[in-house]
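Given below, in the form of structure tokens, are the structures.
Heads up, the next two complexes both have subunit A, just with different partners, subunit B and then subunit C.
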Partner chain A sequence: MTFRSVILAASSVLAMSAGLATAKDSATFAMQLEPPHLDPTSAAAQAIDSVVYLNIFEGLTRFMGDGSIAPGLAESWEISDDGTVYTFQLHDGVTFHDGSSMDAEDVKFSLDRARAEDSTNAQKALFAGIESVEVIDPLTVKITLANPNGNFLFNLAWGDAVVVAPESIEDIKTNPIGTGAYTFSEWVQGDRIVLERNPDYWGEQPALAKATFKMISDPTAAFAAMMAEDVDAIANFPAPENLPQFEADPRFQVLYGSSEGETILSTNNKQPPFDDVRVRQAVAHAINREAIIDGAMFGLGTPIGTHFAPHHPAYVDLTGNSAHDPDKAKALLAEAGLPDGFETTLHLPPPSYARRGGEIVAAQLAEVGIKAEIINVEWAQWLETVFRGKNFGLTIVSHTEPMDIGIYARPEYYFQYDNPDFQSLIETLNVTTDPEKRTELLQKAQTIISEDYVNGFLFQLAWPTVANAKLQGLWVNAPTAATDLSAISWTD
Partner chain B sequence: MLRYSLKRLFSLMISLAVASLVIFSVVEIAPGDPASYMLGVNAQPDTVAALRAELGLDVSRPERYLSWVAGMLQGDFGTSYTYRTPVAEMVKDRLWVSLPLALYALTLSTLIAFPAGIFAASRRGKTGDVVVMGSTQLGIAIPNFWFAMILVLIFAINLRWFSAGGFVGWENGIWAGLHSLTLPAIALALPQASILARVMRSSLLDILGEDFMRTARAKGLTRKQALWRHGLRNALIPVLTIIGLQFSFLLAGSIIIEQVFYLPGLGRLVFQAISARDLIVVESVVMLLVFAVIVVNFVVDLAYAVVDPRLRTRT
Partner chain C sequence: MTRNLIIGAALSSLVVLAAVMSFVWTPFDYAALNIPDKLQPPNPTHWFGTDHFGRDMFSMIMVGSRTSIAVALVAVGIGMAAGVPLGLTAATRKGSWLDELIMRGNDLVFAFPSLVIAILITAVFGAGAINAIIAIGIFNIPVFARITRGAALSLWEREFILAARVSGKGAARISVEHILPNVANLLIVQGTIQFSLGILAEAGLSYVGLGAQPPTPSWGRMLADAQTMVSFAPHLALIPGSAIIVTVLGLNLMGDGLRDWLDPRLRVARS
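Coming up: the complex of A and B.
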């Protein structure tokens, strides 16, 4: 009893003095997955970007919370008339966290490193069109492309394209040194990563002096940590069934955003009977999206009829092409010579959208006579058998990279869709810079894959954030993996 | 004695060699490649190849096995593929959470089990016995992760006496450290205490039927006096064996509790490493645990021989 009262007294004194001294200027964010290391330019893990993107590392351009692209380390740029030469003007007075100055040489180094022969950049394709990077003067960089690329400024905004300090490469994975508003302070592996405000930041000083990222992988533990106010915000909250409880509690706020994740029933287009478009169409009509969203995601998620984010201005609603119609599905199967249905496999990776959604999809397919054997796999196994081995019939996966409709133009990609018309369309799109023409092409692309029933298009993955009611400035949507600390602050 | 010890030592070496081979094969056979896991779905094949070369995964399996074993013999457990930190360092950090947690839970479990078991044995068949044995039945039946959630709900969310999880680190003082390990230790201790109390009770009851206990009663001691003076000591041997087993279980097997309380312990390290196919971490940590268990068994074997001289010649 006495010990407990000492602890209680001590902690309340601490809490009071902290409250009296200054307004709160630190925040704790829970993360489900721990980053493997802290170099965003040599791994695909989104957890890395969630910690370091914009906070520690910045690129020439950057994503804004609404998905638009804004200047980052580049103050301005000029594009040549033929669209192949980009001349970037860098901000003056930018320094790395180790005190050295950031100039055109560092930009050249970073881009050359990312596109080098032995580069381990997970998104090397972003830099594929770069012919040369030249230093004009310390604050001017000229990038020459082989062909015009309407996506180039967007590509440079990715976490994989940030500017790194050449002298820091050796230890970048454990001691990241960038130009951002926060410096890396501490990483207790398995537990937390701490960032501190960078007093020498070239831009505006952020409100939070300290940010802690806490690794909580278990959804129930995340719920408890939020309820006990041990953490201040959890982006992409892992247990949608608990959201109403947070909404009802005045201590918390729930932000319902959208991610870039198109959740699809990926189909092996080369494996019979899926090589017959009528069979793929039958699968599409057998699926009831609303039932999956309600049953697996507790109502969170927007139905999609193609591989494109509904919040994007160029989105076309094509859900009508694959409306729920079991009778039509059966008729299509009969037409394809499979009146009694067929057997296939359904590989399900760990996330709940796949595991929970997969059960419902399998039941819906069974209604039209398609027996899908559920095989639960871990991610590493999924990559090996499904993604690389292409040894699957169906699988459910959320493609979280932004603007990734281009994967349908890669016949060797795991769902193996090979349509020369679509491929040439994407080629045209890549060299088109006129926004209106791009929109037109993007819409055409969406229509082609929808009408070819390449995959079962299920829903856009929601991005729910639970946070302390007094925390403001959080991103609602997730145009890319990031926790942009610069705008976050406490009210009152 | 020396011959016996040498023999035991030899079988220890054989066990370790076999274990290393089994661990390596099982981990390597599992599908999944650490490099493609790290680089994700957009990576180009040449990028994956470059990373594989960087990680030293492009050499043949027998070669990797030999260099792994050779490294371990020199005390080098390799470097994690994903974290890029020496495995030994990671294990050391995690042990500072897992070891105190296991000891804390074991202490709690012993403190609960001893009185409960002795009390039940001394009231055999009476209400007290039934109540204690009934509660231990419940303690074994309740899954400890569920019990952990209930603890969090009551003590962290409602009463706010503890935080819902996480470990503050020993640098904040021993009390703060113990404070943050209290709920997980209780959750771990409950089923262990229940098992231990039952073992304690039945072991005591066995002893009560022995001849020397009858003699003790015959010379005029009361039931209770005989229990305390002669019974308890002799009943401790099976109990100590169970405690030993529980300790190794608590050290390596608290993974679910570490997950519920998001503690940076050894179990979670292995779990993360398995899903990321961080093979070298899985192999080395499992090997270390095997080593710990084998060494403990070796020490126990030697201790048996000290206690019971007949064993020295028999094996």
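Coming up: the complex of A and C.
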């Protein structure tokens, strides 16, 4: 054997082992937060949807990675001319993971459960317009709405609107049984959740046979786990400062997407002095968005001037309303009778956009005389004090629900904005189906809250995903919380 | 004077000097953000570089030393103020129920892992420098109580105490007039050691976010902030880390040196 043939032999061994490596059919995804349970229809926690939406549970319609709505369990549908009656044709031969078949009765049960008086669904507003759900035959469902709703197919795509099996409701939180391409395998609390491919899936068989969701809350640990290739992908990577290192490493790919998260300096509109629009405007002019995006997010994020996603076609750029202008801020404070500024609190939840962004915001507010005391809180404490207790002055949080400008029409919502004009505008919007009219109303809504300086509008949260370079099919953007496993595969 | 004492005192006074200086002068405003200048390595303008918000690290270290010293000093003060009287009292009534009560109580506090309890205290009563001081202070009490009692017990056997008792002085008066001055050396040495442990504890609490809150600079929090950036801006971690090392090393060397210097037996040997 010559030296050359040794090399050839060795390289063919290498090639073989490389060939074996690409036969990989499992993947591990890191998650920052552990889901409280696994029922997407009874909690707002995004972590639940990240695991179960589309994988275990499916709805009549579904989100695609680009944010569009596609048929899910419903094969097709017809909408009556007045826009109030939707007749859905269901896919034939769909079974739940326990073997029972999925039919119109299950759809009726799921929707009736979600909109019931005692329902614990986190997004009941999605179903508010439904007047009745009728079973025509096992594969046909008729839904009647009180008023036409241009968003109805979008509403049905949410994780909160998935179809569940009546007989599995009892244990749904620990043993979710749906119709999806993956079945629930195990959940080791505090460590991981494992899903396995469903051989009886009604649709196309996905490439990955097994998916593991690993809980890694600490950004440093997430960085280390990715570098060691212990995990294959991390969506919404928590430390933007580390992204250039992954980009420089050929083992990894970084996908820069956008989320639905409007990151805002939420302001308690009922708490003096924030009940004065001049004070809120002063806060808006005191803030320098570029510095916050640069300092807290290392440049990732798009400035926003209202509560609306810039990638949405109806978005209007209103950042000019709240341009950085400390002198104007001081003048407005003086006009509002607070020439020496005032003291307030700034509650900051754990993500770095809030903790780091908060330090910058506090320093910028200090420049115009507003002393904001930083109070770092954990999520549980934030929900208790800020969200439910409404006991705060300012807080920074990213509102990650898609198309959620409607929250400004809820006076009891934690930032307590109460404007009847805006509320009636949203009511009109909800019953408007004409796309052009909708856009017009949406733009008007954006303008009202921008000119009322309801909150400090900071930036649209970026959605960086770090993944193994060989993993393909990951969603770049995050139109809703989801890990669409059936689209993901390994390349050769 | 020993070499340890000189080196230790020099390092410690460097830190104290920085803290005192920071009240009247820092090269830059420690709280001023200057994002375009972020993450600069040490250079002639910013001697210790800048952090992720473009703040001057040298100014932050100076002001941070204030936080460290204040927390550790008050915590040692709490430990001494409560621990020394407890130790003296226990020693006057050796073997009595009171002695047992005090010392077993101390054992109980001692048995807890101190940093974990400090985290518990700050988690329950809220994060902040004041709660950190109290949490660290409580765990200094048994240290001083034990050392005081131990030393006082042996003193109670000595002739000059017997003489004082014969002259009709009460136990409390003897404790203050005769015992305390004779255990003072020990307390100073122990105080120095506890001071350095206090600085470490403060850094630890700040590291987990339970010490002084932003924008007040603190060495521990600077370390925590540096965590994800060590790979491309190592000075962010090395500088506050070195500040902690210099301070703790200085205080420990000084404590060691003081013990040698103040110990009467060693002094006799030297002369």
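Operating definition for what follows: the second predicted complex is superposed on the first by the 470 of 492 C-alpha atoms of A that agree within 3 Å, B and C clash if a C-alpha of one lies under 4 Å from a C-alpha of the other, contacts with A are read in each partner's own complex, and residues count from 1 in each chain.
The rule is short, and it goes like this: contacts are C-beta pairs under 8 Å (C-beta built on N, C-alpha and C of every residue); 3 or more make two chains touch, one makes a residue touch a chain.
Note that the structure is a prediction, hence the values are computed from the model and not measured.
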{"item": "Partners on subunit A (subunit B, subunit C) - clash or fit", "value": "fit"}
{"item": "Subunit B versus subunit C as contact partner of A:S76, first or second or both or neither", "value": "neither"}
{"item": "Subunit B versus subunit C as contact partner of A:P219, first or second or both or neither", "value": "second"}
{"item": "Partner chain(s) touched by A:K173 [first = subunit B, second = subunit C, both, neither]", "value": "first"}
{"item": "Touching partner for A:E241 - first (subunit B), second (subunit C), both, neither", "value": "second"}
{"item": "Subunit A: partner with more touched residues, subunit B or subunit C", "value": "B"}
{"item": "Contacts of A:S185 with subunit B and subunit C, given as first, second, both or neither", "value": "neither"}
{"item": "Touched partner set for A:N376, first subunit B, second subunit C, both or neither", "value": "second"}
{"item": "Which superposed partner A:S424 touches (first subunit B, second subunit C, both, neither)", "value": "neither"}
{"item": "Per-pair minimum CA distance [subunit C against subunit B, superposed on A] in Å", "value": "7"}
{"item": "Contact residues common to both interfaces of subunit A (with subunit B and with subunit C)", "value": "220"}
{"item": "List of subunit A residues in touch with subunit C within their complex", "value": "219-220, 223, 239, 241-242, 244-245, 291, 294-295, 356, 358-360, 362-364, 366, 374-376"}
{"item": "Sites on subunit C touched by subunit A in the complex", "value": "31-33, 35-36, 38, 52-54, 127, 209, 213-215, 227-229, 231-232"}
{"item": "Residue ranges of subunit B touching subunit A (in the complex, touch as defined)", "value": "30-34, 36-44, 46-47, 50-51, 53-54, 82-85, 90, 93-94, 149, 152-153, 156-157, 160-161, 163-167, 169, 175, 179, 259-265, 268-269, 272, 275-277"}
{"item": "Subunit A - residues contacting subunit B, complex", "value": "4, 7-8, 34, 36-37, 42-45, 117-125, 173-174, 188-192, 214-218, 220-221, 224-225, 227-228, 230, 350, 378-381, 383-385, 387-388, 399, 401, 404"}
